[in-house]
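If you scroll down you'll find the structure; I have some questions about it.
Residue numbering begins at 1 within each chain, and the chains themselves are lettered A, B, C, D, E and F in the order written.
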Amino acid sequence: MKSLFIENLTWEEYADITEDNVLIIPIGATEQHSLHLPLSVDNVISVNFAQRLAKELNGFIAPALSYGYKSNPTSGGGPLFPGTIDLNGNTLTILVQDILNEFLKDGWKKIILLNSHYENQAFLSEAADLVIKDQQEEFPKIVLASWWDNISEDVMPQIFNERPFRGWDLEHAAITETSLMMYFEPHLVRYELLSEEGLENVPKYQRYPVSKTLIPSSGNLYTSISSSPEKGKIIVDNVIENFLVFFKEEFMIEQLVF
Amino acid sequence: MKSLFIENLTWEEYADITEDNVLIIPIGATEQHSLHLPLSVDNVISVNFAQRLAKELNGFIAPALSYGYKSNPTSGGGPLFPGTIDLNGNTLTILVQDILNEFLKDGWKKIILLNSHYENQAFLSEAADLVIKDQQEEFPKIVLASWWDNISEDVMPQIFNERPFRGWDLEHAAITETSLMMYFEPHLVRYELLSEEGLENVPKYQRYPVSKTLIPSSGNLYTSISSSPEKGKIIVDNVIENFLVFFKEEFMIEQLVF
Amino acid sequence: MKSLFIENLTWEEYADITEDNVLIIPIGATEQHSLHLPLSVDNVISVNFAQRLAKELNGFIAPALSYGYKSNPTSGGGPLFPGTIDLNGNTLTILVQDILNEFLKDGWKKIILLNSHYENQAFLSEAADLVIKDQQEEFPKIVLASWWDNISEDVMPQIFNERPFRGWDLEHAAITETSLMMYFEPHLVRYELLSEEGLENVPKYQRYPVSKTLIPSSGNLYTSISSSPEKGKIIVDNVIENFLVFFKEEFMIEQLVF
Amino acid sequence: MKSLFIENLTWEEYADITEDNVLIIPIGATEQHSLHLPLSVDNVISVNFAQRLAKELNGFIAPALSYGYKSNPTSGGGPLFPGTIDLNGNTLTILVQDILNEFLKDGWKKIILLNSHYENQAFLSEAADLVIKDQQEEFPKIVLASWWDNISEDVMPQIFNERPFRGWDLEHAAITETSLMMYFEPHLVRYELLSEEGLENVPKYQRYPVSKTLIPSSGNLYTSISSSPEKGKIIVDNVIENFLVFFKEEFMIEQLVF
Amino acid sequence: MKSLFIENLTWEEYADITEDNVLIIPIGATEQHSLHLPLSVDNVISVNFAQRLAKELNGFIAPALSYGYKSNPTSGGGPLFPGTIDLNGNTLTILVQDILNEFLKDGWKKIILLNSHYENQAFLSEAADLVIKDQQEEFPKIVLASWWDNISEDVMPQIFNERPFRGWDLEHAAITETSLMMYFEPHLVRYELLSEEGLENVPKYQRYPVSKTLIPSSGNLYTSISSSPEKGKIIVDNVIENFLVFFKEEFMIEQLVF
Amino acid sequence: MKSLFIENLTWEEYADITEDNVLIIPIGATEQHSLHLPLSVDNVISVNFAQRLAKELNGFIAPALSYGYKSNPTSGGGPLFPGTIDLNGNTLTILVQDILNEFLKDGWKKIILLNSHYENQAFLSEAADLVIKDQQEEFPKIVLASWWDNISEDVMPQIFNERPFRGWDLEHAAITETSLMMYFEPHLVRYELLSEEGLENVPKYQRYPVSKTLIPSSGNLYTSISSSPEKGKIIVDNVIENFLVFFKEEFMIEQLVF
């Protein structure tokens, strides 16, 4: 069976892919994720979602982007943590522009930018817009989506059964990301280092130059206690289900036969 | 009495301003705001908040930036509406970088980027970060803030007493912005055109090329019915109160004597 | 009656404007103008000329650009004066490119860049050229004009009746600009601070790094004595008359009926 | 034992790394490699060399860069092959500048850019130079190296025992790269598709617009017949030995104790 | 004797030059100059002035910049003439920035940008400013000068004895440039093609897209009749004399001994 | 007879050139070339080859580019030598893009970038690619070529009869370049300073920040002893012959009649 990852294909196998196929570009970051999770969390999550999505959508996966936009202190701990390797906004935008242009030249009509690093969002939008804004036709089409925007309301109480939900900004290395990592790559989780620590009052503004004084020294923004692989699975199943609804609609995929 | 707007000062009067003064740069957009509000809504709101804030903080107001980043279909109606005049992300960033650099050279130590156009946010952050990231000292300090992030939880029911709050994305030309305009510049509101129209299901993703098919032809994302100048005043008083708490702390302003 | 300023229009009112209408973009600077005039002189002059021109040409006025290119010591006092807030050349060019592109997409065919800050000129030309240089048709057309280039020879003696004309470079905060401000916005003029001070010998070269040693500490390049609102009116009437001749020709406006 | 890949470390584990450690950034491309090798060849080779080098040098490995500069027809088959996803030169340069700047801020003193895609070279040099050219001290130091430049003369006859060496340009998907892949990741090689096909006369110039007419339709530049995992091992052992000589000298590593 | 042109020196001879020496960078354009003058006029004039100046100032001459900023229709005939090869503004600026940075690193303290293409001016100023604006010391110093700004008032009647002076804009391929070419490089002048042709009414604005309809098909903006090598010599002698006054003052050159 | 150099033509003479003509753009550098050769070596060589080529190909020569990309220590001595005036990579690329775009607009169909500075190569390729990559037709066509890539194998022993060939990297100011200068411009060679000095072991990597410690203080990378004008002529005759083969083929020049 053909690999879902285009990097494993020869150019001839790759050229065989048809216009109906979906290309998924996983996008993450190299960023601190508290004491219990590795720097790769956002990449791991994007690639794993991409794999599940590829199976459902007749999709293929491009090499992931492992470096993302600057971590924000109040949603990612910020650039001052060691191991947080940030790109400037314009760099991320032109990098994604180049990659999109190349895949469009290869004939892809349905492209997903699958992002798991919140701060990337505006610069990915900008890239997609700059590449395709003068196009009159509906296709090729580029869709930008993130898992946290697509969890159903009614699933939330299952995740936040022991600790309350305090906003997506704080879900950095907290219950949802930790549960996803426990489900996707449990060997990368330092279980013994989960902690209750977190931010008491979240600032409602940004200040520059950034500092680390706003957040706990661990980099934790909110508790990871009560995370579990089961919760990870609940999130994944629910998000994939929700993803499929609009991806199928946007990409005019009625019934997939493999 | 000296004007709060630096543009009305001579260079000598301006040079007289001390390091303790705060500089407020109001930032908005030129963007469609449904059938009942003018293109200038975000500028009007920024400048009016700036005036109230200036009085409280011993502040002065820089010439406003009237053009902003691209309107997003699901939070501003999108670039396809006539009258929505958008800058590219990088343009906004280097424009603000240049302006910040110049004000810093003039000696300002306490600068507020007061933003009322949601989509500007990431590109303003980037500008502030690029200008000041290598600075070791705490001051000069640049703070980026928006009114909608700073409404107290307990005030929300007073605003959304007749219609439910459905998220800040949809509050484009809806109850809060309309109420603010009724309070700040009532002559610019077409009262007879307020409408119940809005978006039923808000997309949880972005797609490119952008289109107008996602939203009502009016550009309305959510109802403006139930807006009032009284609600505008409630928002303003509450936001200014909340603003003052953190601006005074960040700028180390203990007790202002004028 | 419809506002001449598009910022006061709703998008629907704005969309109503036809291809025959002229769009005027007023461009100025935030720059020292000696001890008797405010930092906003160039903006005030551009906006006021725009209003008069709009009435004559069936035109509308876009939000003004309040920050301009670097002040030159020998024509504006230079960047070292407090309150002179300068953009880099490339920043001004891409800012104007973005704005022109957006207005062109909205369908405007006749656009005026109305500039009152000498140093902006080359970078505005570059923006207009970059935006439209590959266009084969004559329309849309962008015209760049400044008031000082369009005063009739025979009017000059009326302005410089008491003091000789010593070149446009020196007319910074001098007789013409002061007279225009007295006519347009008299409350912004510090009448008591008009002075005879000026530059004796104007350098015929530019040197870097720039310094303030070349010019008087006031920022005055030439005397403002003998300025009057009457002279301001003479300039305005004459310039508007001259403007109309070529704008009507370039924009193929034969007879305006409102 | 600590992972060699920093992406698997938490920020605290990563912060534990000392100034004496070496950081290796593997750089490749997503590019056609004939009918028998996958698009990922350059990345696979860079990462595998990085692992061996890391063990010898007390080194750690950063997330790899999977997209490279434009493939050249006469050394990589060119941009017109499906699956060749190229970055513009400036994009690659500023991407690497950003990443280098971030790692330097984290305190790394000894950085290796380990490149396996020939065309990347000039743009990687430019990035390293721009980041560090104003530094007066010898450290931090960035070294850029490629495996093909570091095979000993006396090893060549062992590799090219059945087919003659015809220049490194042609060694794209040919004997050396195929042997390396057979040694590193044999499951990614389509053994049955090795072929004798190749380019007869190599052009001594470049022409634009690029075309595919210069090279065989397979993308083969030179024969891959006679490749073997044993030859792969010979290359690796030899190159690592040669690498160590100058890396130890440049990084002043006398005797490594782990 | 040592060549005045650094390109003819070895690096050792070049390194011998002291801090007191002046570096002159001649800057021109490749641009139509009517039917009687070659495309190189601006370069020829810059280089010849540079030679004379070098002899007087203990100066050396850098390789000239032969391509300049866009020709303006009303001062150079415009970009639509064949043979007018224009750089974008930003290109010229960063080109000159790079070159200035390199010469500054080599230790030059006194640099002249000697420009003979009017339209270059703003972009050369921008380059000099960007390179040196954060410097606190007076030296190194960069001076930008053009010959036409430095002709004495009392010399003008000698040049315009048969035809009136109608402004420097029109002096493109007209009396002054033609006379300079007759003096500097007479073999490049087509004497039989001098003509009386010219522009009747000079537009007082710029319009885009540019066209050739504003000017005579020859590219002539004003008559070249009455040009002579004698007038060329008068201009050169006078300009060099005026140049020396301020160059000596700016560069603190009291008495030159060779 | 018409000059081969377009700078000596009037615009009308230049416009007379037909689509069949070839345009040659000579590209060099301003760079140290040991103690016996001037900074201009690469420019002199490019221009001289261009002249010979122009005569054979019905070609014309554009103004040369005298500043090139950064000298590399191991192939040019590096940027730290006085007199080596380097452009950043992106600067060279956009400079050449602008110039190519302008010549293409003038109607040239056959353009040669004739380069004699090794380090320029990647950035010239990038420029040509960016300018023309979206073109579907075969013409206009841009060809990039360098003399050292086009010396026949069987000619090499005649050049390296007394000293062995040690690679093109080392042929900086060595036997081939010195012989070419002796042939082209003997008065620019300091014959008494030829030396045997050179680099013993050539580094197989690049390190940053660059230093001069890798190479002899003279800047010599390899001996220039045994250079002669006769060898220069052999190289020129051979390279021109080889050049003509592929230029005629690429440009579809069957039989040239003048």
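Definition applied: a residue touches a chain if its C-beta (ideal position, glycine included) is under 8 Å from a C-beta of that chain, and two chains touch if they have at least 3 such contacts.
Remember, predicted model here, so these are calculated numbers, not experimental data.
Participant: Touching both subunit B and subunit E: give me those chains, sorted by label.
Facilitator: A chain counts here if it touches both subunit B and subunit E, which gives C.
Participant: If subunit B and subunit F share one sequence, what is the angle of the rotation that overlays their CA atoms, in steps of 5 degrees?
Facilitator: Superposing subunit B on subunit F takes a rotation of 180 degrees, nearest 5.
Participant: Compare the contact pairs of A-B with each of D-F, A-D or E-F and report the one sharing over half of them by residue number.
Facilitator: D-F
Participant: Higher C-beta contact count, D-F or A-D?
Facilitator: Looking at D-F and A-D side by side, A-D shows more C-beta contacts.
Participant: Regarding the subunit E and subunit F pair, does the interface count as same (over half of residue numbers shared) or different (under half shared)?
Facilitator: same
Participant: Can you give the whole-Å distance between the Cα centres of subunit C and subunit E?
Facilitator: Computed from C-alpha means, the inter-chain centre distance equals 29 Å.
Participant: Which integer distance in Å separates the CA centroid of subunit C from that of subunit F?
Facilitator: 48
Participant: In subunit F, which residues are in touch with two or more of the other chains?
Facilitator: 79, 88, 90
Participant: Name the shape of the chain contact graph, picking from line, ring, star, complete and other.
Facilitator: Its topology is that of a ring.
Participant: From subunit A, heading first to subunit D, what order do the chains fall in as you go round?
Facilitator: A, D, F, E, C, B
Participant: For subunit E, which residues count as touching subunit C in their complex?
Facilitator: Subunit E residues touching subunit C: 70, 72, 79, 88-90, 93, 119, 121-123, 125-126, 128-133, 135, 138, 141-146, 149-150, 203-211, 242, 246, 250.
Participant: Spell out the residues on subunit A that touch subunit D in their complex, using ranges where they run on.
Facilitator: 6-12, 14-15, 30, 32-40, 43, 62-64, 66-67, 81-88, 90-91, 94-95, 97-99, 102-103, 106-107, 188, 190, 193, 219
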